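You will see two complexes here that share chain A, one where it goes with chain B and one where it goes with chain C.
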Partner chain A sequence: MIAVFLAQWQKEKRSPYAILLFIALGIMLTIVFGMGAAKKMSYAVYAGDGLEAPQAAEWVRLLNREGKFEFRLIEEERALRDVREGRAELAVKLMAEDYRIVMAADNPANREVEELVRTVYNEELQLRAAAASADDPQQYLEDVERRLRQPPLALEIEAADGGEPVRNDMSLQLLFAFTLYTVIMTVGYKVNAVMEERSSGVWDRMILSPLRKTEIYLGHMGYSFCIGMTHIAVALALFRYVFGFPIGDRYGMLLVVAAIYTIALVAVGMLLTGLTRTPEQFGIVLQIAAAAMPLLGGAYWPPGTVTNPIILAVSEFVPLTHAMEAMKGIALQQYGPAELAAPLAKLLLIAVLCMGVGINMVERRSH
Partner chain B sequence: MFVWKDLLLFWRDRKGLVLLLLMPFLMILILGFAMKGLMEGSPEALRMKAALVVEDDEASGIERFRTELRRRSLPEAAESALAASAEQASPYTLLKRMMENEEVGKFVEFVPMDAETAHTALESGEVKAVLTVPPEFTYKALVGMLLGEDGGAALRLTAGESPVHVDVLQGMLNGFVRSLNFRTALGEYGRPDAEPALAAGGVESMTDAKPMNSFLYFTLAMSVMFVLFVAGTTAAKAFAELRGRVFDRVLLADRHPLRFLGGKAGAAFCVAWLQLTLLFVLSHLAFGLFPGRPFSFWLGLSAINAVLSIGVGGFAALLTALNFRFRSSTASSMFSSIAVTVMALAGGSFTPASLLPDWVMQIGVWTPNGLAISLYTLWIQGFAAVDMAPSLLKLAAFAVLTLTAGIYLFPARRRVA
Partner chain C sequence: MLETTELVKRFKGTYAVQGVSLYLDKGESVGLLGPNGAGKSTTISMISSLIKPTSGDVLLYGNSVVKNPAAIRKVLGVVPQEIALYEELTAYENLKFFGRIYKLKGKELELRIQEVLDMVGLRERQKELVRTYSGGMKRRINIAAALLHEPEIVIMDEPTVGIDPQSRNHILDTVRLLNREKGTTVLYTSHYMEEVEQLCSRMYIMDHGKVIASGSKQELKRILTGEDILHLQLDGPGAGMAGELRMLDAVLQVEETENGLKLIVAKQSRILSQVVQIAERHQVEILRVHVHTPSLEDVFLHLTGRTLRD
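And now, the complex of A and B:
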């Protein structure tokens, strides 16, 4: 077993660039998009109907003061072109005392922006009207300002247990999603060595050697596991200690989840080895299947987005779903062993099933 | 003809071919259904029940406020004006009016419950959130609103497990709270006043096209993403031929090596075009994407497919060249895993491009799949060819660039290993 493991390591040492590039690019992708997701949504606004630049800038200031979205003042032509070509959902046309939301097709998803722009415009117009009819506009504006600072009504939000509500951190979710996704590739790439050795004839020579079958498999799987774990461990360590993402203080717990997830991935890799015939085929199937996994598990969207029972059922079979749940639980919700038991047990179940079926199929094919 | 050989190679690996052709269709089906409600913003998808727990008694709150007014011995007129406003502006009445609003009713059904039942219902997921009106709410709020004194009152929203739903509800309640606070600040609740003129606002659509439904969106998004896999697949198959010494035999037969490369690009083009066409036709049949469109519409669609497929052919040539040059299939693996993910994300295949950060969108403008999505979008909305020209040219330039790079990098002479 050790010999097989070391043989893989020797091959790696001889040309380490491929796997290093794989891991490095995977982590880079994760960091770039994880950081990008933290940004606010941004919308284009443009001055229409001869609105003067200072007035337009004032409206943009008021809109941005809300802090919910970012509004950028750009030229009319570019704003409209972006909408037309589907690169922007909408653009806001500013007028002196009115506005229009311009969109390619009437899309209800833009309701939130409309709502915000309407609120800002209406409040400002009301304020202006009220100030104009007041005896002393300056004094009146100051009064309003003062009263706004002590609002009579508030909305408190709490979680079911009375504590702070758990905020889903989308940037953190994407960080985990991409890490878990790219490590599928890394592990798959390594498990593919089994297929490569079979097609190059090394496998047959190993069978003739005194090595037992179990040892050959364990050596390969152990090696893939180690590379996969290294990928996740380095990625998580970088996120936490170098880039300062708030992934919590329980780095060890995350590693436990990562280990079980990696075992499941190795097992899925074995299943694919059983299902395909050449290393190239394996690669193609792996890439397509892996691309579908985060989509099925809903990893790219806020939780609760997917409500369809069939898809939720399908996502139960995707290891990424459970690893994601466990990691987010640890980082955001203080999950303890009790809460982690369910997702980890499901991961192990997937691992056992895939491994069993996969190795069986590989063995059947060789006879 | 090398193209024919390469097409036969695809045909021999039918399992892979089916995966390449049908996996995206499966994804369109699944994601289309999953995101249907959300993308169309239909209330049904977000419809929820929320528990309403009232621990305050409105009438006694108003009464207590009146008593407080009398205690302060204000001028007669002022006192009666405030007492009258208390009746009209009682925040709980305003809240109820908001909840009974037709628009709000489409999304949320408020079910009155006591605190205990509400908690159980929240745990079981029967209600998505609990709105609590705490004791003394009316009185405290009125003191804040009408007498301008510190303190005030707070509504309490207990959030359940589904952020999407809670966000909708929270948005509505925040809107209510904000409007009430703002009107208080304007001093409207003290004096009856005429409504000021408001912005007319409104929405202008650039076309009379319907919003993209989720099936149409995912048909575009998944097609342009999965078509990229054709390039990686072709290059991987080419590498298998290098391994199996097919390429050596091609050279021994005195054929120019670039003809081999040409075969790869040609086959990738054919498979990509076939895949795109098949996906559009299948999705149209299954979900009725383009009802009553004339033949010329399909012709145009097919032309965009062809241009995108040329780009895929170019990619296939480039990746084949890289695989041969480095004598390993790492280049095509890397492309199919990392590069496709980056392009899919930046080009808007996972979420609509407009939801992405600005700089990602700027990258997306230059990816073949992103360009293709915007071309399809323009064509479906019925824009003229002039509007499509820039993207079309970029996509064509892309194809030429990758093809040239592929030809340049392809090892023309086989080195002896």
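And now, the complex of A and C:
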């Protein structure tokens, strides 16, 4: 077993670029998308139809008060040029009692911006109209503002267990998603060594040696596991200690989940080895499977986005779904052993099933 | 020492090997000849315990290899047809790995690595990556990897396919050294009749999954003692006249060659005048006629109706 493990390690030392590339890819994707997800979307607004600068600034203040998006006041010419040349999705033309939205294309995100602008304008114009009919408009406005600060009805949101509701942190979710996604490729390509050795004849040489089959499989799977774990540990450590991501203090617990997830990935790799006939076929199937796993598990979207019951049922067979649940639970919701038991048990079940079926298929092909 | 009894292997209804029985005595060098698809590699895989026979058995010192594969694996070295090495590693690293899986370690392993490198003549280049080697050098390391644990029996599956003459000679010398000086039993599979003639004292000829002839070189040549071989060098294609030649009673076999025809004819059949007449009818000029006694290649052609490289 050690001889098989060491041979893989020697090959790795000669050519470590693939694993380094996948680690770098995971980090890069997290930085680009994860850090981007933490930032608010920014949109340009400009003053139109003789709107004075103080009035325009007031509308910008009201739009930004919601805190959902960031609105920046810029010159009309620049705002329109940015939309025309594809640098901006939209621009908002502010008027005294109306607005216009100039869009490059109609899409759900733009409609969300439009809805916000409409709401802000409706509320403000209704308030101004009511104030205008009051005896003392200024006093009326101050009264409204005071009552809004002390509303007669207060709405409180709490979690099902009565505690503080947990806000989903998209940047943290994407960190886990991209790390768990890229490690599929790392582990997959390591398990593919079994297929490569079967093709080259090295496998047969090992079979004819005093090595037991268990030792050969364990050598390969142990090595793939170690590389996968190193990948996850390095990525998480980098984001925690270098980039300062709030992954919590339970780094060790995250590594336990990572270990069980990596075992499941090794097992899925063995299943693919059993299902395919050449290293090239394995590579193609791995890429398809790796790309599909996060999509099925809804790893890239906020919770609750995927609602299709078929996709949700399929995602139960995807290790990434359960690893994401466990990792997010540890980092955001202080999951304890009781909450972690279900996702980890599912991961182990996937591991046992895939490993059993995969090795069985590989062995049947040998005969 | 090693014996197969009525080995049969069937893959999805197709017989790859049908009732092959052969034996190897200790210290013998035996050839296994046959064209592509004859069943040589399948036979070797069954002997080495890589695949289980559909029926029949392989006996090592009278004990079943099918029931107890570990017994033969200890004493067997297999040189596969493909280059079964890690191309990303050096020759030395490859040999170290293959030595380790045979439980060799420390000084013993180092000693064996240098010995086999000497044997295949690559000691000076052991630190180079296998991927940078020529085809012949890779084949030599492929052989070295099978010899590390000093096996009693070495099975070589076409070890000289597609390599340069220098490497080929080196490999043939290695096989001679193994067999004659170290007393290793060798089962040598090849397309090349001359290699088997040089190296092996006995041989088996396989075709369509069966052994169709066996014996020493002399015994096999005796199959064709009643025949002569006629080589006709022609000034044009001989395909046209081949059909008519086959109709002659004395002609047993006709094969087209690069520059004419090769005929196996009954000894002293005096058919030359008929051959000349047929050539005239087909407006083909016979430039040269050469008569010789049959070689093993001719025996193979006679037995199978095709050449070894078909």
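Following the convention adopted for this analysis, the second predicted complex is superposed on the first by the 274 of 367 C-alpha atoms of A that agree within 3 Å, B and C clash if a C-alpha of one lies under 4 Å from a C-alpha of the other, contacts with A are read in each partner's own complex, and residues count from 1 in each chain.
Everything below uses one rule, namely that a residue touches a chain if its C-beta (ideal position, glycine included) is under 8 Å from a C-beta of that chain, and two chains touch if they have at least 3 such contacts.
Keep in mind it's a predicted model, so treat the numbers as computed, not measured.
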| item | value |
| --- | --- |
| Partner chain in contact with A:156 - chain B first, chain C second, else both or neither | first |
| Which superposed partner A:100 touches (first chain B, second chain C, both, neither) | first |
| Chain B versus chain C as contact partner of A:26, first or second or both or neither | first |
| Between chain B and chain C, more extensive residue contact with chain A | B |
| Partner chain(s) touched by A:78 [first = chain B, second = chain C, both, neither] | neither |
| Partner chain in contact with A:189 - chain B first, chain C second, else both or neither | first |
| First, second, both or neither for A:211, with chain B first and chain C second | second |
| Which superposed partner A:365 touches (first chain B, second chain C, both, neither) | neither |
| Chain A - residues contacting chain B, complex | 18, 21-22, 25-26, 29, 33, 36-37, 39, 41-42, 72, 80, 83-90, 93, 97-109, 111-112, 114-115, 117-119, 121-123, 125-127, 129-130, 143-144, 147-148, 150-160, 165, 168, 181-182, 185, 189, 199, 276, 278-281, 283-285, 287-288, 290-292, 295-296, 298, 300-308, 310-311, 314 |
| Chain A-touching residues of chain C, taken from the complex the two chains share | 48-52, 70, 73-74, 76, 78, 80, 82-86, 88-89, 93, 97-98, 100-103, 129, 145-146 |
| Residue ranges of chain A in contact with chain C within the complex | 2-4, 6-7, 10-11, 14-15, 200-202, 204-211, 366-367 |
| Contact set on chain B toward chain A in their complex | 13, 15-16, 19-20, 23, 26-27, 30-31, 33-35, 37-42, 45, 91, 119, 122-123, 141, 143-145, 148, 150-166, 170-171, 173-175, 177-182, 184-187, 196-207, 209-212, 225-226, 229, 232-233, 236-237, 239-240, 243, 328-330, 332-334, 336-338, 340-342, 344-345, 348, 350-361, 364-365, 373-374, 377-378, 381, 383, 387, 391 |
